[in-house]
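Have a look at this one.
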Amino acid sequence: MWLKVDVQAAPFDLACEESALLAQAGDAGAVVAFVGRVRAHDAAVPLSALWLEHFPGVTEAEIARIAALAADRWPVTACRVIHRVGALAPGEGIVLVLMASPHRAAAFEAAAYLMDYLKTEAPFWKREDLADGSHRWVEARQTDEAARARWES
Amino acid sequence: MWLKVDVQAAPFDLACEESALLAQAGDAGAVVAFVGRVRAHDAAVPLSALWLEHFPGVTEAEIARIAALAADRWPVTACRVIHRVGALAPGEGIVLVLMASPHRAAAFEAAAYLMDYLKTEAPFWKREDLADGSHRWVEARQTDEAARARWES
Amino acid sequence: MITVLYFGYLREALGRNQETLEWMGDDSEALLDLLRARGPDWAEALAPGKVFRVVVDRQVTRGVVKIPDGAEVGILPPVTGG
Amino acid sequence: MITVLYFGYLREALGRNQETLEWMGDDSEALLDLLRARGPDWAEALAPGKVFRVVVDRQVTRGVVKIPDGAEVGILPPVTGG
């Protein structure tokens, strides 16, 4: 499996990343992309920005470990992960996952698996800066734990 | 749900389609894209081209029906489907599905569901033109039926 | 009279894209029986497992379909898109 | 001496990004007990359900971790990326 992981402040470009992935994916019939975006109205008060921090070094290693677990379970030929940090405006992309496989079910499942583990294992933390000037750290959600746990049954 | 379906000979552009989708998707936190591509070595003899035909009018209506079924099951805010017909070279995109939702699990599942139904319900037929000059019509696969059936349990 | 459209490998197996037929039958089963009776090639190409759906006037329905005079009837082999 | 790094809401709750500590303890449980003993703010911020993981020298391990002298120790609240 070809794998590339970046944690960066800069935006990502889906089309560029898909081209680069395809150049490395061999004869893959299926590519699944996931883009997670900043929602403007997740809370009652509108969001002015989302701020993300992480644990440099540890984050990249954890994502690579999760991608390797996915490649153990499904025939993944190429995987690209970009996760942004710093200040992000509503609508901006937070995370990009691209997964290439000979088979569509494998591409879908490996991408969903990677996202479920990334959300519960990779050391990122989100702070919501609200339009009223207040801010709050996002709390971990039980639904994310449950999403991850389904792969372990 | 915003929905746009095209059956066309022309290639599609993932980045353009994603931008257009986002403009219609409201405050969607998750976008899943699926791209199915022509594999060069699906058979023993290398492929020179894949040729696709469909039942005009019926195809578009069936895809719209399938997308509406997906929107009944998951909170989908926008859906884009492009399926190509005519002669396609190895590596070219055959089908693009984009699904936007407030929630990532819904976006993943709705996109996988749409693909599973599209492959077993939408009137497309594939012919493989092989490098040795022969051709053969692709036969429906039991695994595609099984993939669809899992949503009906 | 009805118009019958053939798709996918049926075009090759039956040597035609479409044809016009005298029609005094009732439903899609009657039409398929009529066509299968044309000879072993037809019987084999249109054997029960090889017809995915019969679409009348571009309205997709499941199972056996009524075919009125004047209809356009698509005979669809199992689909293989995506 | 060990270096302790704080992340996410812990930085705000504890008023620091990192600190250097005298260390003669054994493992991550001992370190957390030491820190919780600093007062009610610390005890609450580092309550058992609020610490996701303790990462020593950037090696991720599960559960209780040995902390050697000279280590860099990250204290991670539950993660919320993606």
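First chain written, first letter: the chains are A, B, C and D, and each begins at residue 1.
Definition applied: a contact is a pair of C-beta atoms (placed from the backbone, for glycine too) under 8 Å apart; a residue touches a chain by one contact, two chains touch by 3 or more.
Remember, it's a predicted structure, so these values are computed and weren't measured experimentally.
Relative to subunit B, the chain whose mean Cα position lies farthest away is D. Mean C-alpha positions place subunit B and subunit D at a centre distance of 48 Å. Distance between chain centres (mean CA atoms), subunit B to subunit C: 26 Å. Residues of subunit D found to touch two or more other chains are 82. In subunit B, 36, 104, 115 are the positions where the chain touches two or more neighbouring chains simultaneously.
Checking each pair of chains for touch leaves A-B, A-D, B-C. Of all the residues in subunit A, the ones that touch subunit B in their complex are 13-15, 18, 22, 27-42, 90-91, 102, 104-105, 107-108, 111-112, 115, 147. Interface residues of subunit C facing subunit B in the complex, by the touch rule stated above, are 5, 7-9, 12, 52-53, 55, 58, 60, 74, 76-82.
Those residues of subunit A whose C-beta lies close enough to touch subunit D in the complex are 36, 52-55, 57-58, 61-62, 65, 83, 94-95, 115, 118-127, 137-141, 144.
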